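Worksheet: one structure, shown below.
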Amino acid sequence: MRRYNMARERNNKRSIENSGFGSNTSAEGRRLVNKDGTLNLRKTGAGILERISWYHVLLRLSRARFLVVVFCFYTVINLLFACIYLAIGPQCLKGSSEVSGLSARFQQAFFFSSQTLTTVGYGHISPDGLTANVVASLESFMGIMSFALVTGLFFARFSRPRAYLVFSHNVLVSPYKTGKALMLRVASQRNNHLTDAEAQVTTAFHVIENGQRVTKFYQLPLEIAQINSLALSWTLVHVLDEESPFYNMSEQALRDSRLELMVTVKAFDDHYSNTVQQRTSYTAEELIYGARFNPAFRRSEDGGTTLLELDKINDYERVAV
Amino acid sequence: MRRYNMARERNNKRSIENSGFGSNTSAEGRRLVNKDGTLNLRKTGAGILERISWYHVLLRLSRARFLVVVFCFYTVINLLFACIYLAIGPQCLKGSSEVSGLSARFQQAFFFSSQTLTTVGYGHISPDGLTANVVASLESFMGIMSFALVTGLFFARFSRPRAYLVFSHNVLVSPYKTGKALMLRVASQRNNHLTDAEAQVTTAFHVIENGQRVTKFYQLPLEIAQINSLALSWTLVHVLDEESPFYNMSEQALRDSRLELMVTVKAFDDHYSNTVQQRTSYTAEELIYGARFNPAFRRSEDGGTTLLELDKINDYERVAV
Amino acid sequence: MRRYNMARERNNKRSIENSGFGSNTSAEGRRLVNKDGTLNLRKTGAGILERISWYHVLLRLSRARFLVVVFCFYTVINLLFACIYLAIGPQCLKGSSEVSGLSARFQQAFFFSSQTLTTVGYGHISPDGLTANVVASLESFMGIMSFALVTGLFFARFSRPRAYLVFSHNVLVSPYKTGKALMLRVASQRNNHLTDAEAQVTTAFHVIENGQRVTKFYQLPLEIAQINSLALSWTLVHVLDEESPFYNMSEQALRDSRLELMVTVKAFDDHYSNTVQQRTSYTAEELIYGARFNPAFRRSEDGGTTLLELDKINDYERVAV
Amino acid sequence: MRRYNMARERNNKRSIENSGFGSNTSAEGRRLVNKDGTLNLRKTGAGILERISWYHVLLRLSRARFLVVVFCFYTVINLLFACIYLAIGPQCLKGSSEVSGLSARFQQAFFFSSQTLTTVGYGHISPDGLTANVVASLESFMGIMSFALVTGLFFARFSRPRAYLVFSHNVLVSPYKTGKALMLRVASQRNNHLTDAEAQVTTAFHVIENGQRVTKFYQLPLEIAQINSLALSWTLVHVLDEESPFYNMSEQALRDSRLELMVTVKAFDDHYSNTVQQRTSYTAEELIYGARFNPAFRRSEDGGTTLLELDKINDYERVAV
């Protein structure tokens, strides 16, 4: 919180160098930060194993993809062990009924493997002989270890602290007091309760300096940068006064600057007992010049409850500025 | 901590706009925050899947309801798989004893399913044939994955960082020094030790502005807003002096304003090694005008220990103010 | 950090009211905080279920006691279910060998129960009939749920963020610069690396005010209250100058005041990626007047490594002050 | 953040005493902090059980070593229980086929043990008699408890919050504005996104005071000590002006001082929703006097994305200073 206030005092109309992006970043017309908050960035010069945090990958996958990945993993391991049991020989698995034929034996091996991996172990098929027993013993060990990862990940995904914010699709230039202000809106989309929410808006835009096109970064002062409870919708307001880097810029100038607004909202969620954070970004294409947001909450019919209308987060009407 | 001090300096008798509630919130005589700290708010305009965080729902359920939900889930999955095994045909499950009749076969299928789902796998019933084996293999896989969620949730509920605070049921207007003060009391109810506790009290009340009834929000300065250790009971004291939004308001005026106090206490619990937080709210109905709290702790009989009497947290006596 | 500096400026020689203890706390000659950092406090006036956080209890138990509790729980559940299986009747469990006699049947039931609870499910004993199957199905469900708690707790205990600090047993009054200072020493005892360590020392002592014996609390300013890395031993130094509540108090006066020092050290452990905290307290009995600590670290024989000698944390020698 | 600013104001050219290291630390030509961020420190004077946090040990082990340790643990437990079953007698395990001979019986006992420990429990071998059943019941209980630790650890290792930073191998003395500056570079190596990154550089170096060689510690002010997003590479710049402890020191003087730079970078990772931290250190051997870093990021061929070249983090060219 304090930081933002300090920033407001210090950084008025002076570009900041601590955005974490460089002034020669090649963001010509494309985003530094994607709409979903990820970085528009690629890393090279290191092997994939050194460059990838599998934990991050598996947490970011969509739910469907995650289940597909896990199911493929389960199937592949079973196929692998089925082949091993086949390779050991026809007598290594003893079943209640004799099977013959490669296909039947492979099926038996495959299902024995899955029963071992999941530690179900019905026992109607059981390992016989030293080799098969050793392999089965290893497989059940491996099964427990891999299911530790898989089920741990499954739960980690489910319980991962997330802000569940919804941002307005557009950023508006609205009339504000006697002047104008940039406005965007955010709300908590779900049944979580966020407290001590803080917002930070950084802008990148292009200017011509000494004939060179360079990217400048500014932290935009907000009318209210911290609220006690993110109960209803929250409109972030950056006044376009003489302290703003956009002061006196016309609509055309704003669009030509190819500005990008990078927004971060942090808050405390007491069910996770943790700080959650969400980012998004806006480019000139998402800027509406001359509009204001309509209210997104209203009194319920019986007058006793407040209704927050999530489908109206981006609801605006055109006005002159 | 610091924040509250700043607030004290800045916000004296000026309403705040960062409460997270709007000034036209329709809280006519009802609460913004319920007694248990949840918001009196409904969200609309988004499908239930986008609006619900199941993790939050399952963490907030009462223990009994959670167990019922989990048990129903377990039963439904078993019923579903029992039907699948029945559909595959009478030969798909091989038991030590032959069963006939739909009811007996359904029972066998149901219990086989539960043995598979929990990975007990006695084996006196075992899958036979390709289809049954595939289904059983999927079921045990699904069983492990769902039990990862269920047992993870069960433990997450049990170990969830919670403040375990008990608040006085009433908020009092008590004599304080040469004037009056709003007082409410809080204590740690359980065998946890909270340190660096911070309290924040925000009030909402109705005033008539330009003939319109609007809701104003104020952060109430507290005599002590942070304590090193929440060992005993802690009385939050808001002095009703000229810096208070309630300065010189009579009992009737206070009640007419339909005030609501929203209280948040945050602290560090070193067994969770985490910040915990609890909220509550008070409305005019819970205001006692002219009373003071009786002490809630005393010396033990042997003189060596302090006793904190939790049933006296709301113990007050009437006094003139 | 900042907080302590503020405190230093503000609280010089003024008692604090935000210690969390009351000025009439009945700590006559006994501790407010025990040597191991727990509170010398008992809570009454609420049922045990409302007063106990089982999670805290089970995390604080010694390792041996925890294992005993868990083992008893396992045995009791098995005994319970063994009785249920016995009650259902002699035919409810089908084994590879027939057993008769109550003792043999009870054994069979008990072991079947344990095989079900742990989901081993060998299958040489299996449930027969509807009732037994339903009970076994419930037991395996219950087994998974309870083992989720038990193994979760076991791991939570093992991985619980802890500071692993060792404090000097005594607090010394040592010569310091041209005057005297209270000194106590702390070190990280284990192979964890703590950074950004902060210390806070609060004192409680008795004074006679208006003929009444009351307890006063002071936060003691420290020469260094925060260090970047708790690599070696750290001596906390409170100078007994005119800013100290103990200024000009003789040894006898200090002892008569029945002072208690409550010490809290917080730090960041990057293996837990969490803040850890440990407390202790010192009473007048642990005060050594006129002594100074000997160094607790030295150069290794080969000159290349620093040795921290944990057994010398309380190593002091008598000196005149 | 604030802390560093305060330090900048206060500590200019004054050594700090809160580095956590002592001024007589025996770091003669060797490091206080190793290149990988661990301390060059040994603890003595306490038994290994009091000195070791097994959790930290098992988290720090390399992946290969961890798997070896776990596998050995699994094998040893199985061997142990195999011996117990052997000791109970030949009839204690009943298999589908009779086995004789010590080796065959040991194998049977070993595999039965592994099936019990992992709770697979095929049941083709099953315990017979009171003693064997009791032991098997204990083993399955122990199995669940130990696998709770092992799989918990396995997942904790996998999901442990880590910064995944890569530091430049060298620290440079580069031309900067009209003077010189110490520069080192850091980047996030993997697909994690770090925000609110803070850096802290502490130096230790040797000076002659009163004819004695002592180690002095200074916190080095940085041009930018905090950035909003650690998206690209970040060059930490310490200007060698009159506020620097290295002001006007020649290359030879710097090398003779046997300086060591200890660098800590902290940031917030929103996938872990946690603060992550990484340390490293530089000694005089890693100092390049007269060089500057080449850019480590550039525009992608299609112009739309930024490429961060991790292999160029330490890429520098010689320049005169």
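By written order: A, B, C and D. Residues from 1 in each chain.
Heads up, the rule we're going with is that a residue touches a chain if its C-beta (ideal position, glycine included) is under 8 Å from a C-beta of that chain, and two chains touch if they have at least 3 such contacts.
Values in this document were obtained by computation on a predicted structure and should not be read as measured data.
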Can you list every chain that touches subunit A and also touches subunit C?
B, D
I'd like the angle of the rotation relating subunit C and subunit D after CA superposition, in degrees, nearest 5.
90
Taking each chain's centre as the mean position of its Cα atoms, how many Å separate subunit A from subunit B?
26
For subunit B and subunit D, what's the span in angstrom between their mean Cα positions?
37
Where subunit D touches two or more other chains simultaneously, the residues are 2, 115, 119-123, 147, 152, 274
By the document's touch definition, which label belongs to this structure's chain graph: line, ring, star, complete, or other?
complete
Can you list the residues on subunit D that touch subunit C in the complex?
2-3, 17-22, 24-30, 32, 38-46, 50-57, 59-60, 94, 115-116, 119-123, 126-128, 130, 133, 136-137, 140-141, 143-145, 147-149, 152-153, 156, 160-161, 200, 202, 219, 262, 264, 272, 274-279
Using the touch definition up top, name the residues of subunit C that touch subunit A in the complex.
119, 121-123
Subunit A partner contacts - residues on subunit D that touch it in the complex
1-2, 70-71, 74, 78, 96-97, 107, 110-111, 114-115, 118-124, 147, 150-152, 154-155, 158-159, 162, 164, 166, 189-193, 195, 197, 224, 226-232, 234, 268, 270-271, 273-274, 295, 297-300, 303-312
